Structures are given as structure tokens and as C-alpha cells.
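Sending over a structure as C-alpha cells; questions will come in a sec.
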Amino acid sequence: MGRYIIRRLLQLIFVVFGISFILFTILSLTPGDPATLILGEAATAESIAAKRAELGLDDPFFVRYFSYLYNIFAHGDFGNSYRSGMPVFKEVFTRFPNTLKLALLTITISAVLGILFGVLSAVKQYTWIDNATLAFTLLITSVPSFWLGLMLIILFAVQLGWLPVSGGTDSIRGFILPAIAGSVGYMANTIRQTRTSMLDVIHSDYITMARAKGCNEKTVTFKHALRNALLPVVTLIGINIGWQLGGTIIIEQVFTISGIGTLMITSVRSKDIPVVLGCVTFVALLASLINLATDILYAYIDPRVKSSYTK
Amino acid sequence: MSNTNVNTAAERNFTAEQVALMKQQYKKQNQLVATWRQFKKNKMAVFGLIVFFLMVIVAISCSFIFDYETDIVEQHIMERFQGFSREHPLGTDQFGRDILKRVLWGGRVSLFCGLGAVTISLTFGSILGAAAGFFGGYVDDVIMRFMDILLSIPETLLAISLVAAFGTSLPVLLCAMAVGQIPKLSRLVRSQVLTLKNEQFVEAARCCGTKNARIIFKHILPNAVGPIIVNCTLTVARSILTIAGLSFIGLGLQPPNPEWGAMLSEAKVRLIDYPYLIVAPGIAIILTVMSLTMAGDGLRDALDPKMRH
Amino acid sequence: METRISKSAQYFNEHQRTICTKTQLQKWFTENITGTFISSEDSDFMVETEEPAMKKIKSAVALVLGVTLLAAGCSGSGKGSGGGTESSSSGTTAAELDTSQEKSVHTEVQDATKDDFVFTIISEPANIGQEVTNNNGRLCTIQVYDSLIKENGGDRTDLLPNLATEWEFSEDGKTLTFTIKDGVKFHNGDTMTAEDVAFSLDHARKLSTNASTGNIIEDVQVVDDSHVALTLAYPYKPILNIIAQPQYCIYNKAYTEKCESEGTVMDRCPMGTGPYKFVNWVSGEEINFERFDDYHDQDHVAKMKNLKVKIMTDATTAALAIENGECDAFLGVNTADMPRLDANEDTIIYRTTSTGYHLLTLNTRKAPFDNQKVRQAIAKAINVEEVFVGGHDGIGWITTQPITYGIFGYDKNFEAMPYDLEGAKQLLAEAGYPDGFKCTLKVKQDSYYSTPAQICVEQLRKLGLDIDIKIQETGTYDTEVDTNFDYDIAYEMTVAQYPDADATVFMRLHSSCINSPKGNVAGAVNEDLDKLIEEARYELDDEKRLELYREISEINKEESYYIPLVTSTNSVVVRKEVQGAYAHGGGQYRISDWSYVAE
């Protein structure tokens, strides 16, 4: 078990380095001079040159990349925003709680509803419930989440006035509509995955055995089938969390939640490269960590995988 | 070509390679027919395909029916926000432009973007995947690690980074849409290549000294076409959603392009007073993506041997 | 039907103090509401033969708004920066201005019933302090900092003592001496000294963001412990207005120097003498302030303890938020939402003319915009009426001169370049571009600017230009267009820092400002213009000044360096429970004078 974890951790480190390298490369190709951007109006030729030297912009590419990495690991310093002068880390971290709240709520909704519908659809295969669920799944994969968000705003916030319009308030009420809008994409593949693995399990021998032994349907479904069917679903949910952290961008724009997504967009528009790099690396890192955790959890839970590692 | 013909051909001293090739082609033809039969049984899939073809027809004919300058882009400020009428079945927007025409033209834009994205991802994905599968060894490792890394970056984030670096010109946007799909496609191609690598006809081709590239592109890939098409269909669907999302946040196609996401973004400001502005582009996106997904799913089910009963 | 409409009229009259008289409103209603109200031009309405829908009322309100705002512009009964007089043909003079204003807004404001006030803005201020460049920044600055002089609520021409108790001009008008108030405390406990005042004024005048006003002040000297003297380069009437702006607020010298030496960004932890103390700044979300109980003017201690300036990047969402009661005041409302907010009984909109006007600027540094014929062609191709209706929903005033509508120096009878598409095409051909040429129009991403800009782009496309629009983020735009002058055509807003024509004209048209950020962005270098502008600046006779500004506008029209379009309104939306509120063209909302009284 331990060996497995160590191996995956090494993979993780490699992946994270890869991510940061790719993103660093892409973003350092951005045209425009950061020094001029920072200094703005006070920019004389000398001050620009001085700033460039200070930021090390004239160094060769790899030197810059490694000093960037060094700063992160040695000092936890992701650089300073070109726009506000504040440390990138601080900017990202002040906004992170909002994104986290949104992501967790979204995942909860999509997981709960996804599993529910998936089980229902599998158990009642070939009935109208199954078809309806499949049609529903198809529909929600095709709906753009921002459009759904706009429709939800019109219905719940404007017409009915039940829920607040602006997200990102301290209470959970501000996150309900955004979470619903954002959950649809992930709900679809959760439903599908749950349905598939439930179907696989239901048609397997040990379930037939359980039925033969005389267990009632409820026990069969929930105690035996679901437990086993859930394993791949858990993996999927873990992956979804990772993706969700990056995927909140559009929802945050629709509902004006001040989270990492909004920060990313503002920084992209203002060519504030350190912040963009910081955001994306942060999210990618987090996503990878969660993937790793999910894999380990999965390996731990599933006795077949576990046994192959604990020789 | 029936089985008997092949055997007779064999007797007539065709080379081993040629025989193996002919067998493969025969099998492929059979497969195609069987797949189509299976596909036809799935009503939803057929429906999706029909809708999609209709959209393609509309998209192509748009440039003949409408004139871009006068119908789509030209503003008639004094006619803004008109409701549904005979002249403007879906009303006019904040610049007085006809919404129906813009939505129809938007289909053209979206499909073009989707196809562009698919072309790019198909090209790169199949080259990388085929190379990984065919050559194996450390080529495989390197390519697959790289794909893993790309997969770990959430797709929207990757697209936005590209736009951040290179701006919102069309080629960049197409790449931004494609880059998230390349890992999946390359994986697919790789597994297909791995499976087919050991087939007889590849052996045969190799015996005759055919160059590697030729083997890959002429012999292997055409047999892997099925799953690749499924993937492409779903890629087009996803790309349309991606470009709509990017345009919505202002990082995609710029005005006055009648792209559905951009139209939704402009409609957002008028959300409360003129909610009808959101309806048409939204439904257009849903219909397009849904029909493509239905067709793609149907094709995938038709190809799946497990389902052929 | 009748009940509904009379209620709206009533509502209007009770709450819209800045707009129109009851008779005007009634007259319009009786004339127009009985029949169907569609004409092919005013397509904001819909024909309805059934029960009047809410939309009809809203549309009616919208038209009334537009009509009455235009009426207000002509009748000059508005508060705020220099309104005109009753259909005067020669513009306004300062004297007429004073008598036609409603006086102080400080009607009796009751004690607040709650401690927390939420003020929403739609973009994060870049600075709090002397370097402010937009109204959101000024809003925050004025809570924390004081200047020597302050404006009386929304009345920008009524100046009151603030940190200075009195001031005096010397004989030749070139020295201005201030008497500093005693015992003024900073938030950190320090007492304000003349040193602080002199330091602050000197610091302010040297900032590049104050370039257009700073060069008027030659020197700042401490005379004694309670007097500071400004030496001016020449006698300049509006200098008092300049000193009243938040750009010349008073810093604590020791604190400023400490921040500079430590490398802390003082804009993010401001400390001044204002009625509110800075508490914290949650980046991208909100800025919090707390009442300063030792405020030097005990009559104006803040009524509400906690002030939260909330940043909500989307104006539509913010408009919904204030309707729902999620915030108490909102600056930056879209013209699209105004009719609905007016009709809503829970919200009130206060308006005044903005201090700025929208315009197109042509970069004369680049070919072919150095060709006068090309510029004139572009000016002729713009249909300002359409930009006004389509981009500003008909709310505001069409502006014909490079001066904000209604402030001193503006002539309502001046005619801009008429819309003439054929003539424009001809001019373009004469200039050597019969097939047009390729160019881009840059604009900021806020729909407030980008929507009218799109209309301009379409109009220029009709002219035959191969033109593309480039919507940029505010920071990028400021750097590229306003600082580096890297653009072809740009759509932007000129803001007058104080209510006088010189504020915009000098900055935009004088050749000395061609390298100043947000200054002479078009790069116009014209000797005649320079002479006229300088004359107008030093001229003390109002009639002569008006004539000079007319001439200046004529030259600009001929040369078409700038194409003025629309002066928008500067509006603040408040909940009906808010007392003491007013509109201010420069974002200077003294929340310490406001109160929230729940009914």
C-alpha cells in the first residue's frame, strides 16, 4: 500500500511540474512588456529597464522558470500581481473560500442527484423511468451551464424572489442557484457511470445469489449492489471535484461570485501573468492532489486493488 | 466481394499481403453495413442525425439566402427591442438586428468552429496516439505522460490560458477548443493501434517492406475509424459548448460575430426587461449539442459488439 | 389604467426632485397616454390593445424620463454641476448658476436605524488616495481623507470650509493662503499640522495623474503653524474647485514617508482625517470602513457605524440586488435598468449631469488620421442620434462641443458636424481612400462604453472603412490608448475634474498635454488652438470666455480631432429608506451625511 502511495506521489510531482512548465511556457509567450504594464504612467526608459532587471525579464527562459519554481518552494512566493502589487498567493487565497464553497456544494448536488437517478434508472431498466432518465441526462449535457444560470436567475431571483441574485454572500443561500447551474454537467456523467456500474453489478452472480437466498429487493439493491457499484463512481466524483475547481469560472461570472474564476478572467484581460499562472497552477495542483487522494481511497476500498499491492 | 471470391483470388496467386488486405477490406465493408443497420434501430440516434444534417444544410445555405452585411451585422437602432412579429419572427435585439437571422447564421459560425476544432484535434491526436501505440517503448511513455498532464489541467483553464497568451483570434480559439480534446483522442487512437498492431495484415504489410508511416495511415487507422468518428462527433458537441462559454465571458469571438454565446452575453445586460433575448440562442445551442450527442451515442452503441442483439 | 399612471406620476413628483414640474408631467400624460403610443422612431414601446402591461408603464416611464431629462437640461433646475438657465442662448454664467440652484442638501437627516450601510460599486478602485482616477476610487477616498475645501453635497459650485477654515487670494491673484483648522486628528491619533498640508499639496501637484491641474500650482509653502500658501503660475479662478477635489486630499506626512520607505502600498491601507476609518480591503470583494468618532467636524460625524463598499462586477446583478434590498446604495447603474428602478417604489435614482462626456478620439499621430479630410469624413459618418438612443437608451444629453454638457463654457446652440454619409464618402475619396482603409476601434470592456462603441463601428463600416472593434480590459486600455497612444480610433469618456470648460479643453486640446496620460490623446498640435485655450484660461470676463470656447469648438469641429457624442447622467440608486442622498458627478458621496431610516 505504501509503495503504491509513494509511486503515485512521485507521479503527482511529475505531473505538477509538467503543468507548471506548460503553463509557464504558454504565458511567457504573451506579447507585451510586463514592466510597462506595472509602471504604467510613470514609465520612463530608465525605469522600465530597471524594472525589467528587477523582475529578471531579460534572463533566458530556463533561468526564469527555475527561479520561479525556486521562489515557490523556498519562499512560497508566487510573485506579485502586476495590477495591484499584492502577492499573488494572497490574492488567490482570499478568493479561494468562495470557490471552494461553490465547488463543494456543486459536487454534493451533482453526486447525490447523480447517484440517485443512476440507481433508479438501473434498477428500473427498460421502464419509462429509465428512458426518462436517459433523456434527462442527454438534455443536461447539452445545456450550457451559463444559460441555465441565467434562466434560474430569472425564475428564482427575479420572478419569485426566493433566492438572492448575488452569489458569494456568507450564507449558503447565495450559492444555491450557482451550484444548481454548475452541477448539471457533472450530474450527467455521474448518472451514466452509476447506471452502467449498477447494471454490471446487478447482472452479476453474487446478486443473483443474494436474491436466491431470499433477501428482499431493498437489501439487494442498497446493501449489496450499490456498495460495489459505487466504487468507480467514487473515482469519477473525485475527478469531478478536481475539474469543478477549474470549471467554476463561467458560473462565477454569471452570478458575480468573487472567486478564483473571476480573478482568472480579470487577470487574463489585464495580462496580469503572475496571477494567471498562480491561479491555474494552484487549481491544477489541487485537482491533481484530489485525484491522487481518490485513487488511494479507491485502492484502499476495493479489495481487489488492495490485494494486488499488499503482497 | 464474397468469401468465395477471396479464396479463389488466393488460388489465383495473389500475394499473401494482398490477400490479407482483401480480407480486411471485406470485413470492413461488412462491419459498415452491420453498423448502419444497428444504428438505424436507435430512433433517437437517427433523429439526432437528421436534425444535425438539417443544421448543416441551413448553415451552408445561409450564405446564399442572407447577406452578412445587411442581415446580420447592420444595425437599425430605431427598431430595437421589437417583439415577435411577421417581419421579425424572433424579434430584434438591442441594435435592431433580426434575431432569427442571427441565430441561423450563428449555427454556421458554431459548426465551423466545431469542425475546425475537430480537425486540429484529429490531426494532432491521431499522429500522437498512433506514434505512441505503434512505436511503443519510451516514445509511448513520453507521449502518454504529456497527455496525462494535459488531462490534469481543467479544460476551461487551459483554453483561457491560451487565450490569455495569444489573444482571441480565430486560430487561437480553435486551438483552445481542440487542446482539451487531444488527450482523449490520442488515447483512443493509441488503444486502437495497439489492438490492430498485431493483426495479420499489418504483419503482411511489414513483410513487404512498407514504410511505417504508410502502414499506420493506410492500413491501421482506416480500421479504427469507428470509435474515432464517435469521438469526433462528441468533440464537435463539446467544442460548441466551449466556444459559447468563452464568448460569453468575452474571451471568445468578438462582436459583431453572431455567435450564440456572444449573443447570450449581450442579452444578459437586458435580462430583466427583455428576457426573450436569451431564449433563442440558448435553445439553438441545446438543439445542436443534443443532436450531435444523440448521433454520437447512437453510433457508439451501434459499434459496440456487446449491444448487437 | 388611469389609476396606475397617476400613481407613477405621483411617484415621480415626490421622489424625483431633480427633474421636472408636475404640470409638465401631467401635460405630457394627458397628451400622450390616451391613444396608442407607437411611432416608427420610438420603438421602445409596444402596441397593446389589451390591459396595459407592466412593460407599457415602464416604457412610458422611460420616455418621460428621456423627455424630462431633456427638459431639465433646458430649464436648468437641476442640482449638480452647472446647469443651464431657462433657454438662454448664450450658455450659463456662474452668477446665474448660483441663484438657480437648490441650496444645501442637508435637510434634516434623522438618526440611522441600523449600523451597517452597504454601497455597491461595479469595479474595484485601483487607488484610494491622491492618485484616484475614477469615481469609484473617489467614493472611497472621500470617506477616509479630507481636503481643505469641500463641496456642499451634490452642489459642486458651493464650496465650504473643511480642513481649512478660510482662504484668501493676494492682490495679484497669484498667491492663495489657507488658514488651517486646529486640532484635526488623523485616524492614528496624530494631529494635523501645516507641514502635513504643505506636504500633501506638494505631493499631489507632482503626480502624473494630476498633470493637468498640477502645473497651475508653482509652489507650496508653510507660512506659519496655521497658514499654508500656494503660489500659482497665473491667476486662475477655478483653483478653489481643484483644491476641493479628493486628488488634493491631505495626507499624514510621517505615515506616507513610512509607507514609502517600507515599500507598503499606501493605497491599500489608507489613513487620513476623514469621517470613516479604513478597516480592511478584501481584494476583489469589498472594502470596509468604520466610523471615526474623533472626526474634526463634530456636526458631521457619520450616522452609521459600518460602511461596506461592495464590489459587484456586473451592473445588472447589482441592480437586481438593490431591488431585493441586498444593498443600500449603488453607483454605476446601466441605462437599461433605469426605467425599472424608477418605477420601483423601493428604489430612488438621483441624477445629475456627469462630469464627463463620451467621445471618439482619432489618433493624429498615425496615418491616415493625420489627414484632416479623413477625420472630417469620420465625423460626418457618425450619426450621434443613433448612438444616443442605441447606446445610452436616450438618457443623457447629446453633446456638440468638446465640453461637458451644461457646465460653464458650454453653448447649447452650438452645432456639431452634421450627419452626412454621402458627403463623408466623398471626403474620404478626396483624401485618397475611395475604398476605405483598415483600422481598429478600441474601447473598454464595460457595456456602458462598448455598446455605443459598437454602434459607432457599424456606422463607420457603412462609410466603407474596414474596421474592427477591440474590447479591452480597463487596465490594458488605459495603458495602450491613454498612456502609450497605441490606437487608431478610440471610444472613451473625458472627465472634467471640476465644473469648468477649461478642465476638459486644456487637457484634451492643448499641445503641452500630448504626452500626458489621458491628456491630449489625439495628439492635436495646433497653434491657434493653443493660443485660444490659454487666453480662455486667463480670461476673467465670463462673456469673453464663452466666446473663446465657441471658437475653440469651431476649430475642433473643423479639424475633428475629437468627435463629442453624449454627456451621460451620473446616477446613484438608493433604497427609499436612505436620507440625505444626492447625485454627484465626481463620485464624492459623503456617506457620513447620509442615514438609513427604516420605516
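The first chain written gets the first letter, and so on, giving A, B and C; residue counts start at 1 in each chain.
FYI, contacts are C-beta pairs under 8 Å (C-beta built on N, C-alpha and C of every residue); 3 or more make two chains touch, one makes a residue touch a chain.
None of the values given here were measured: they were computed from a predicted structure.
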{"item": "Result of counting contacting C-beta pairs for A-B and A-C, higher pair", "value": "A-B"}
{"item": "Identity of the chain that, by mean CA position, is farthest from chain C", "value": "B"}
{"item": "CA centroid of chain B to CA centroid of chain C, Å", "value": "50"}
{"item": "Centre-of-Cα separation between chain C and chain A, whole angstrom", "value": "42"}
{"item": "Approximate Å spacing (C-alpha centroids) for the pair chain A, chain B", "value": "24"}
{"item": "Chain C residues counted as touching two or more neighbouring chains", "value": "314, 320, 445"}
{"item": "Set of chain B residues in contact with two or more other chains", "value": "250, 268, 271-272"}
{"item": "Of all residues in chain A, the ones touching two or more other chains", "value": "153, 158, 253, 269, 271"}
{"item": "Contact set on chain B toward chain C in their complex", "value": "69, 73-75, 77-83, 94-96, 250, 254-256, 266, 268-273"}
{"item": "Contact footprint of chain B on chain A as seen in their complex", "value": "14-15, 18-19, 22-23, 26-27, 29-30, 138-139, 141-147, 150-151, 153-154, 158, 242-243, 245-247, 249-250, 253-254, 264-265, 267-269, 271, 273, 276, 280, 283-284, 287-288, 291"}
{"item": "Contacting residues of chain B [partner chain A, same complex]", "value": "44, 145-146, 148-150, 152-157, 160-166, 237, 241, 244-245, 248-251, 261, 264, 268, 271-272, 275, 278, 281-282, 285-290, 293-294, 297"}
{"item": "Chain B-facing residues of chain C, complex", "value": "40-41, 43-44, 46, 55, 58, 314-316, 319-320, 334, 336-337, 339-340, 386, 389-390, 445, 447, 450-451, 454-455, 457-458, 461-462, 468-471"}
{"item": "Residues of chain A that touch chain C when the two form their complex", "value": "36-37, 40-43, 83-86, 90-91, 94-95, 153, 157-158, 161, 164-166, 168-169, 253, 255-256, 258, 262-263, 266, 269-272"}
